[in-house]
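Every chain is named by a letter (A, B, C and D) in the order it is written, and numbering of its residues begins at 1.
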Amino acid sequence: MLRDMLRIRVAEEEIANRYSQQKMRCPVHLSIGQEAVAVGVSHALQDGDQIVSTHRCHAHYLAKGGNLTAMLAELLGKETGCCGGRGGSMHLFDLAAGVLLSLPIVGASIPVGVGAALAFQQEQKPNVAVIYLGDASLEEGVYHESANFAALKKLPVIFVCENNLYSVYTALKDRQPSRVLTDLGSAHGLHAVHLDGNDVRAVNDAAAIAVNRARSGDGPSFLLADTYRWREHCGPNYDNTLGYRTVAEFEHWRARDPIAVLQRELLSLGDVTERDIEAMLAGFRSEVEAAFSAAEAAPMPNPVTVARGIYA
Amino acid sequence: MPEARVITAGAAIREALDLALDKHPESYVMGEGVADPGGIFGTTTGLVEKYGASRVVEMPVAENGLTGIAIGSALMGRRPIMTHQRVDFALLCLEQLFNTAAKSHYVTNGAHRVPMTVRLIIGRGWGQGPQHSQSLETLFAYIPGLKVVMPSTPADFKGLLLGAIADDNPVIFLEHRWLHYVKGAVAEGYAAMALDGPRRIHDGRDVTIVASSYMTLEARRAAVALASRGCHADVFDLRMLRPLKLDEIIASVRRTGKLVVCDTGWKILGPGAEIVAQIVEQAFDALKRAPIRLGLPDHPTPSSLALAEVYYPDSTHIIDAVAGLCDLGEGDITSARQEVLDARKGVPIDKPDPAFEGPF
Amino acid sequence: MLRDMLRIRVAEEEIANRYSQQKMRCPVHLSIGQEAVAVGVSHALQDGDQIVSTHRCHAHYLAKGGNLTAMLAELLGKETGCCGGRGGSMHLFDLAAGVLLSLPIVGASIPVGVGAALAFQQEQKPNVAVIYLGDASLEEGVYHESANFAALKKLPVIFVCENNLYSVYTALKDRQPSRVLTDLGSAHGLHAVHLDGNDVRAVNDAAAIAVNRARSGDGPSFLLADTYRWREHCGPNYDNTLGYRTVAEFEHWRARDPIAVLQRELLSLGDVTERDIEAMLAGFRSEVEAAFSAAEAAPMPNPVTVARGIYA
Amino acid sequence: MPEARVITAGAAIREALDLALDKHPESYVMGEGVADPGGIFGTTTGLVEKYGASRVVEMPVAENGLTGIAIGSALMGRRPIMTHQRVDFALLCLEQLFNTAAKSHYVTNGAHRVPMTVRLIIGRGWGQGPQHSQSLETLFAYIPGLKVVMPSTPADFKGLLLGAIADDNPVIFLEHRWLHYVKGAVAEGYAAMALDGPRRIHDGRDVTIVASSYMTLEARRAAVALASRGCHADVFDLRMLRPLKLDEIIASVRRTGKLVVCDTGWKILGPGAEIVAQIVEQAFDALKRAPIRLGLPDHPTPSSLALAEVYYPDSTHIIDAVAGLCDLGEGDITSARQEVLDARKGVPIDKPDPAFEGPF
């Protein structure tokens, strides 16, 4: 899991580094600081399981095995992007990897994930669908409609809510009353668990239980994972100077960097060495470098194709 | 050739659903009431008994979420057939239909397909009022990536519904409630129709009339009354609003030089606007007179019978429009109007026209 | 409260009796059997308080003091109807009585009621808004969006959910998972109470507490009132032969007729006599008769007015 | 006369909101981000500090519910000004807008009023892609009971927004994101404009051009280039899509006999279709050539710059359309096209055109 988190971190930091070159001409929503959720969940999944994601989809996509070059090419608007350049960073998907889709409208992918689970149930497949959602999407009615149906039909689906405390610049407390947030899961009859979203093992343990429940026909779960977005809502920069959140809060969460937390643990256990980590990082840096080179070398989509494929 | 019997459009829908569920194992029906004793005005009756609750899925009252769920299942290869008892309820799920369903194929560069049919029923009559009788076809026809079907005959209800279900795109299937009662010859067995263009339903060289859904009946009635007075209309049942294929209609206007378009919904920004605009663009020189559009006036549907009576255009309005374009004599106009009024047999305007029972 | 329940019962039964005359040419959704909720709640309200209702709005409208003749005239499509005949039975409102509106789209009036409460709060008025909703509207996302905002802003609003176990012909258990239904209120931080909706005193007591909380700035409540619709979903008839519900279930609930329950109690306490009740009934019968006569005598709206008033 | 300064349309919006909050004590602003450091692209910055959190209401991410809440408050006499950062998000609240807001006044026979403004921002550029750059004006313009405004100049942004807020009807106020940057003379102080019809922004007798929102800038640019080549266009900024008042435009077409309509959104079923249809109905004999409509092609907005480049029509397309109608010579066409291309100074199509900074 450390590997996967490091790989995502390296990829996203490189995106941030290069963003000012203005070659990636689309909005980007980085997951830096939130990698443990995607990785912890993905490690509980199997081939054939599906995930759906949101505007902030890079980590989910990569953790599930989405093609790195196709993702970067999509950000660069290239023909070889996963959407052939048509979607941009908020539409990542990878059919081979089980990344069904990502959607930029808050809440929109939630029912789609439930629909994937319905398909599994109808086809009596042993698979599970995972829905990544942000804390703000709990405010959207469509979450509740989806949760109700998932519970009603005992669908093999897991709602993974990443509570990073903000919707853009608006704090959770300015959008939702103060009460136990997991109640929004259990009120619908979902198996609801609250966990530390920066602890990849905790995430993985909870996900494994939820996956197991889903595969055994025990129905859907709701995992509430507390975490924190380090950079600005949209774009490559830090924005703590804006004043919508305090530097103290940011530092509190950065001290709980999910990667550092795991590294410390593994180092102290002797499961990895500093050198291993350096080697991993170096490996990922060159992988990302190579992926960027490939993506940048790829052609832009041919404008004559722009009107193709409106209908199947 | 399978044999044709005379059945209602409602029965034709039910037959199509039955055949589709049988033919496409990945298909399923979902909607509020699909498995209840009402069975969506009888169009789904008996299906749950035959195919079980996992193929005929009763749903919570949650149009937006369930639309997204249907879409998700479609992306995974299922073939959902959703039903809402009124078009009006679908206003809740437009985000999913317009963003997720309509765009997935295009956005993923062809990788995703959304083989989904959405049956939407247009209410009318018995004081349905402002929020239970909207037609709203423009909303759907405006969105690239959707297909929009508006059948009028029982054979089309069956064939186009089968075609919609077999289609790998999201198809909006707009059913005028009153058309469910209409009877016509419908072939037995599975025979999906292509989701193609309009169909000529009355021949003539004097004027071109384009109508869709329920207005097709009014147009046919007007055309028959006009024909016996020497004015011959080329009448088209539009059938598909998106994609909109106007070649045949344009060819007709090139002959007649005159055009009347009859919308089932509001006239302003109705499909008639697009049809007139395209015809003007493509057959300007052939037009002898300004085309005329008919449609609902620019306000909500009033509930009271006294107000509904002046809300809905009918064959008399079509006769008036044609009369103006073709310079009919006063006597012919009066008697043609009388003929169509008589056909209605004095049945109040808030009940289905018994003379429209068919078969035609 | 007995008076009000009887009056509503008499009015609705007369609507049912006359419906086959085909003069009321619009769908009607009768509340017969559910009167205790509307009456119990209304008796906790004051002038200036507002209610919003659904397709099944007759009882709510009458209990809050809505004009009977204007209601019948609306059902008859008359110029003197509350909507001038434009709306029909699902659009009842009475500005003087504090019936803000009724809407035929499931869930649609819920946020409107919250909006009325927001107006009270913004204007610092001591009033309360009551939202009547059916069990099915809990499935609509808009309920949840509305509840979240009401709780966030501690608005003076009460969600009164009449759980009559059905949405048209579909049972609650086929639409929602089995779990505690009041959780759908408390998960949003609403003060949630479950009560016997056929016990008008219980309703009134709970409503009084909720109203008091709302007026004192303690925020919104959710009252879940169990009750039962006697007649068909839409129309004047009984429909137990259809098979979607059992005769036994119906009889169970009819034995718990909210009016009979209260009558028995008041009779046994000696607070009313059989003769009082007969007199009340007779009075209401002639009131309803007179209202029908007035409504039937009123003119139909003039067709030349049909296009008026699209814009203010 | 209050003095006019040159400010951006974004600043004009902010000024209008400030003045409206001050003028109408019952008004309040609500939206996701209205009280945050971004302040809806700067259009609400500072307002929460000035008027407090109960007049500038940050909201949960729940478009449908909050729209209904705004409507409910409006029925009670409040005057909400809602904002969504993209038109696309408003797809979630169409049920409330179309059923409750648009119909309440009519249904209650005039008893209810919904004095509500909904600001919707049309995204464009920087790879916004399929679900963050839809224009969708047809959806709103189709619905009786709504008013639909699409301003293009800073003065109109201010005046029409004040007019919309003061209006007792639900008004949809569609702001093209790129227009926020445009500068122009804007009078100080409170001065609400009537929500009336189109405005002529360029004089000519050769051809009539009707444009709305962002396309007005492209049309003006084209008209200027054409004028110096002897082809004089009568250019109208449509401003209001509903109610649609075409008298002046029809009078213009009666003089010119030629018409080009430029939509900001999709061409099929865009406002241009209705405009062409009404003009044909009312000025058929005056038309010398088939009118031409410009608008977005029939597919979603692609994200990639390479594809967006061929998606958006601009002044070159308008020049081409006019050239065809007015039989311009090849040389004039080429040089006019070159002139407008040069004006863009090679700035990529996914960034606002610096030459459109104004003031015009």
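Quick note on the criterion: a residue touches a chain if its C-beta (ideal position, glycine included) is under 8 Å from a C-beta of that chain, and two chains touch if they have at least 3 such contacts.
Predicted, not measured: the structure shown is a model, and the values here were computed from it.
Taking the mean of C-alpha positions as each chain's centre, the chain lying farthest from the centre of chain D is C.
Averaging C-alpha coordinates per chain places the centre of chain A 42 Å away from that of chain B. In this assembly, the C-alpha centroid of chain B lies 32 Å from the C-alpha centroid of chain D. Listed for chain D are residues 59-60, 62, 64-65, 88, 92, 95, 99, 106-107, 129-131, 144-145, 298-300, each touching two or more other chains. Touching of two or more other chains is recorded for residues 83-84, 86-87, 91, 103, 105, 139-142, 144-145, 148, 152, 174-176, 310 of chain C.
Arrangement of the chains shown, judged by which pairs touch: all-to-all, with no pair of chains left without contact. Interface residues of chain C facing chain B in the complex, by the touch rule stated above, are 25-27, 77-78, 81, 83-91, 103-107, 136-137, 139-141, 167-170, 174-176, 242-244, 300-303, 305-307, 310. Chain A makes touch with chain B in their complex at residues 50, 52, 82-84, 86-87, 91, 93, 95, 100-101, 103, 105, 108, 110-123, 129, 141-142, 144-146, 148-149, 152, 308-312. Residues of chain D touching chain A in their complex: 32-33, 36-38, 58-65, 88-89, 92, 126-132, 297-300, 302-307, 309-311, 348, 350.
The part of chain C that touches chain A in the complex is made up of residues 139-145, 148, 151-152, 174-179, 183-184, 186-189. Contact residues on chain D toward chain C in their complex (touch as defined above): 28, 54, 59-60, 62, 64-78, 95-96, 99-100, 104-113, 115, 144-145, 147, 168-169, 243.
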